[in-house]
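First chain written, first letter: the chains are A, B and C, and each begins at residue 1.
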Amino acid sequence: MEILRGIIDNYYYMVSIILFVIGMYTMLTHSNMIKKVIAMNIMDASVFLMFVAVGYAHGSQAPIIREGAEVLYANPLPGALILTGIVVAVSVTAYALSLIVKIYRYYETCDYDEICEIRSQE
Amino acid sequence: MSQSTVLAIIILIVGLPIIMTPVIMYSCRASEKLRNILSVATSAVTFGLTLSLYPFVIGGGEIQYTLFEVLPNLEISLRLDILSFCLAVLASFVWFLCAVYSIDYMAREHACGRYYPVLIFTLGSCQGIFFAGDLFSLFVFFELMSLIAYILIIHEETEEALKAGYKYLVMTIIGGLALFFGMIIVFELGGTVSLGVGVIIEENSALAFIAFICFLIGFGMKAGMFPLHVWLPDAHPVAPSPASALLSGIMLKTGAYGLFRVIFYVFSPELIQSAGWDLVLSVLAVITILLGSAVALTQTDIKRRLAYSSISQLGYVLLGLSILNSNAVIGAVFHIFSHAFMKSVLFLAAGAIIWKTGKRLIDDMKGIGRQMPVTMGCFSIAALAMIGIPPLNGFLSKWTLAMGALDANMVIYVLVLLISSLLNALYYLPIIIPAFFELPGDSSHEPHHDHHELQFNIQDAAPAMLSVMVILALCTIVFGLTPNNIVFTLSRLTAQYLLGGAF
Amino acid sequence: MGLSDHYPALIVVIFFIAAFLSPLLYRWARRVSAALIISALIAALAMVIALMAEVQQTGVVYYHMGGWAPPWGIEFKADSLRLYILLVVISVSLWIFVFALRDLQHELKKRVIGWYYTLYALLVGSMSGIVLTNDLFNLFVLMEICAISACAIISIKEDRECLEASFKYLILSAMGTGCFLLGVVMLYMVTGYLNYGYLHVELAEAFNHYPRNIFTAAALFIVAFGTKAALFPLHVWLPDAHASAPSPSSAMLSGVVIKIYAFALFLMFYEVFPRVLLDSIPLNEIILWLAALGTLFGSIYAMLQSDLKKMLAFSSIGQIAYIFMGIGLHHDSALVGGFYHIMVHAVTKAMLFMAAGVIIYSTGVREIKDLAGVGRALPITMIAFTIGSASMVGIPGTGGLISKWYLAISALEIGRPVFVLVILASSLLNAVYYMPIVINAFMQQEDFKKEAKPVPRIMLACLVIGMLFIVVSGFYTTPVVTLLQESFSAYF
């Protein structure tokens, strides 16, 4: 029961880990290059999700100061961090996609296994 | 002679050849003669400088001087004592003579522009080995010399030479790695690798034994000890003959020198005898002696036979080292000298025959004594010395070793020495007797026809080559006539120094 | 508050400024853009030296970005160890850049050379930042800049192999980054800090309550940095990437970039994670055994290669494993050996790749078997190659021996002589594949068949500088070794 209660309470983290594993598995095993890039994004997004979830405390509000009584604020630091992280992930995605475009021009396929076959035949 | 003068001389001895190497390399652009003269001059000057250390050393002088520190507790230092002096003066002497010999021999070969600088550089690194004061600089010069000698071995650039050179290189690197391992263990157990602290490792332990085995592998590989001798019979014959003489005469001795230093200055003789490690060395030495001689019988190429003979002769030195009493060590050091003289003559004579007639197989050498009497005369003297016939120096060294063996109550070693002398006779006499007393190409003539055709048809080698051989042959005679010669005295003093600490 | 107080930040910023200005200048004033990067490199080098002098006198220098103190602000830390690595990085980068000035015109299309300079400056700047930073998220950002610029200087050549190799590197690097970020989250979850100093203190306390989080984070860091630094068996991207890149990029990647990640792993284990972690769970054993396998397998794979640059790339895998062995042995002499090897291998491998670059520039030959006799056509290059190979094998008189010496001593001191045998075996295997190239180049009867274009003197000068450094580092070791020993004594 303890374990189940633990999982339900921390479902953000569980989902995040599941997404991370999905992302990593896809990135390593699927041969289509665009799928790899998407999987990389899923992996990064899962970590960002976990980061933000860490900053959340039960019953807290958005971290914008209002006058009045003392309110529990969610931790703004992870949010700031993942904004940076998202920018980084986007730039890596952009670069990866441009590489895929160039590779496509040479090999006419987006599938990594086919590319390896073409190369081994040369 | 003050200490600083001696230090300056030592640094000059090691440094001059190394500095002269690029000079010689570029002097071939000016003229070949200049290059040859520079090479001979450099080796002569080195010999002279080494000889000048004699009064200092004979007066009991010993120097251990630290140059600088590479790592904490690891210093580069110089050492001069009577053992290093003996080997350095021997090396520079033989090198000088071989340089003179090379001038005529190499005039017919290609790529001399590579040969001379390498010859001089190997001289410098060889002297560096002998004057090294700690295991690290010994290792540095040892590796340097071994790697540069590769260029001498593959000089001919035939496929055989390249294969032999490759085998040599691989074994050199394996030996170097074993030496590195041994050195690391010594540093770990003893805290220092300097040769000036007396004894580095005092106690027996598994790690110390591993270090001893590693040193045996590293230095024994260079000295042609069984079972690491496999590079020798391929490498020595394919090199040009003066280089073969140097390889057999001096470079094998660097391995023996390393073992001397290891036994006397890293582990002490007491430790080795009490731990029973001398048994390992003696077994390997006996096998080396017998194996070298036995296989030499089967060779038909003269240089290959001489190479196997070298293997077995170095076994004598190792045997002396394993017995470790006064006579045995005297015999070992004296045999280093005598073998250098004898084997150099043999290889140089073989080289003269190849140079003059192109013949390498022993069967083709019938009657060559009448064509090249001086050459074959020197060859015969050296061969008889190898067999151990008095009054030549080979006999003196075998006698001393046998005395040492008897002192240690090991009659079996005397037997081994006798058997090996017999085998030496079995493979040298068939070279020298047909050379003088048979006709070329044919041995089935009837005796009374021979009187007409046993004429001397002298077409000997060039005078420079001949004079070198004659000088070395004279050394085998002079230094063997009586035990009262300078070389034997030096050996006696060395043994006294090593075993007793002073003399 | 003079300029000298801002040196830690300036070292990083100056490269970014140069990176952004360079393409503008390249469009209109071509020559100036290379000069700009060189002056940035020299200025950074001068700043590093000034910082080293300051650190020697006053101790560790902490720099707070924007004046905000940690744990809210980002902190840069300059101590003697980091400055040593920084010195190696920047001077080797300067040296490779001087080489690249002539080589790039031959390898890249004209219009992208300005962009290469930009990427180079970004790469050096981000690496300087990785070395100096004291904050985990800052490390993440700089690692990503480094990854993109490293991939980009491979793919800038724009031919088939390098694009695909670059993509493989990017994907695996991104996987490493994902793992790293997850590890950071794990640590942030239990402590709420991202600053190394604060983490070190807090984790010692948090280890009692949440050991599994910290253990997971450590494992994720090993995977992340192992992938990026090509620890066996995560090295699979390295051979294609380093072999297909233009020569200065190969030199830079093999020589410097992979070392930075090994250094980052060292920082994680010794400055972020508490001592109790390594004492209770022997994570360094894993690194040690993977490194031991890496030295052997790197050499074995290298023996099978026929392309010169691929062989050098596999050799890099084996050599970086020495550095990891130093970290894995968990002993101060081992760390000295590993870090000395960072310096020696950076110079040696960069020089070897430069020599390969000269051979390709001059003759166009890439296959090892076609290299017979090239020593007569390109003597200085092949002598440089010989000395570099000697350093890789560990022949005495070169710097390679010193690092192996320290590793071997420490392996014996902790009572595990099997690793000495591993080091010796890998030295032998190194000799087996380096020696034939050297022998072939000099000793073959037939002369070199192709025509050899004359090599610009600046490239040869770079090779000569490398040779001199390798030989000097084999003998004059005291300043570096003393610096390293002092730095590591604090951790033990």
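Definition applied: contacts are C-beta pairs under 8 Å (C-beta built on N, C-alpha and C of every residue); 3 or more make two chains touch, one makes a residue touch a chain.
Quick caveat: nothing in here was measured; it's all calculated off a predicted structure.
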Chain centres computed over CA atoms; the one at greatest distance from subunit A is chain B
By C-alpha centres, the chain nearest the middle of everything shown is C
Cα centroid separation, subunit A vs subunit C, in Å, comes to 28
Per the C-alpha centroid definition, the whole-Å distance linking subunit B and subunit C comes out as 46
Rounded to the nearest Å, the gap separating the Cα centres of subunit A and subunit B is 71
In their shared complex, subunit C is touched by residues of subunit B numbered 68-72, 74, 76, 136, 139-140, 143-144, 147, 154, 157, 162, 165-166, 169-170, 173-174, 176-178, 180-181, 184-185, 187-188, 207, 210
In the complex, subunit C touches subunit B at residues 393-397, 401-402, 404-406, 408-409, 412-413, 417, 420-421, 424, 427-428, 431-432, 435, 439, 443-445, 475, 477-478, 481, 485
In the complex, the residues of subunit A that touch subunit C are 20, 23-24, 27-28, 33, 36-37, 40, 43-44, 47, 50-51, 54, 78, 81, 84-85, 88, 91-92, 95-96, 99-100, 102-103, 106-107, 115, 119
Within their complex, subunit C touches subunit A through residues 137, 140-141, 144, 147-148, 151-152, 155, 158, 160-161, 163-164, 166-167, 170-171, 174-175, 177-179, 181-182, 185, 188-189, 194
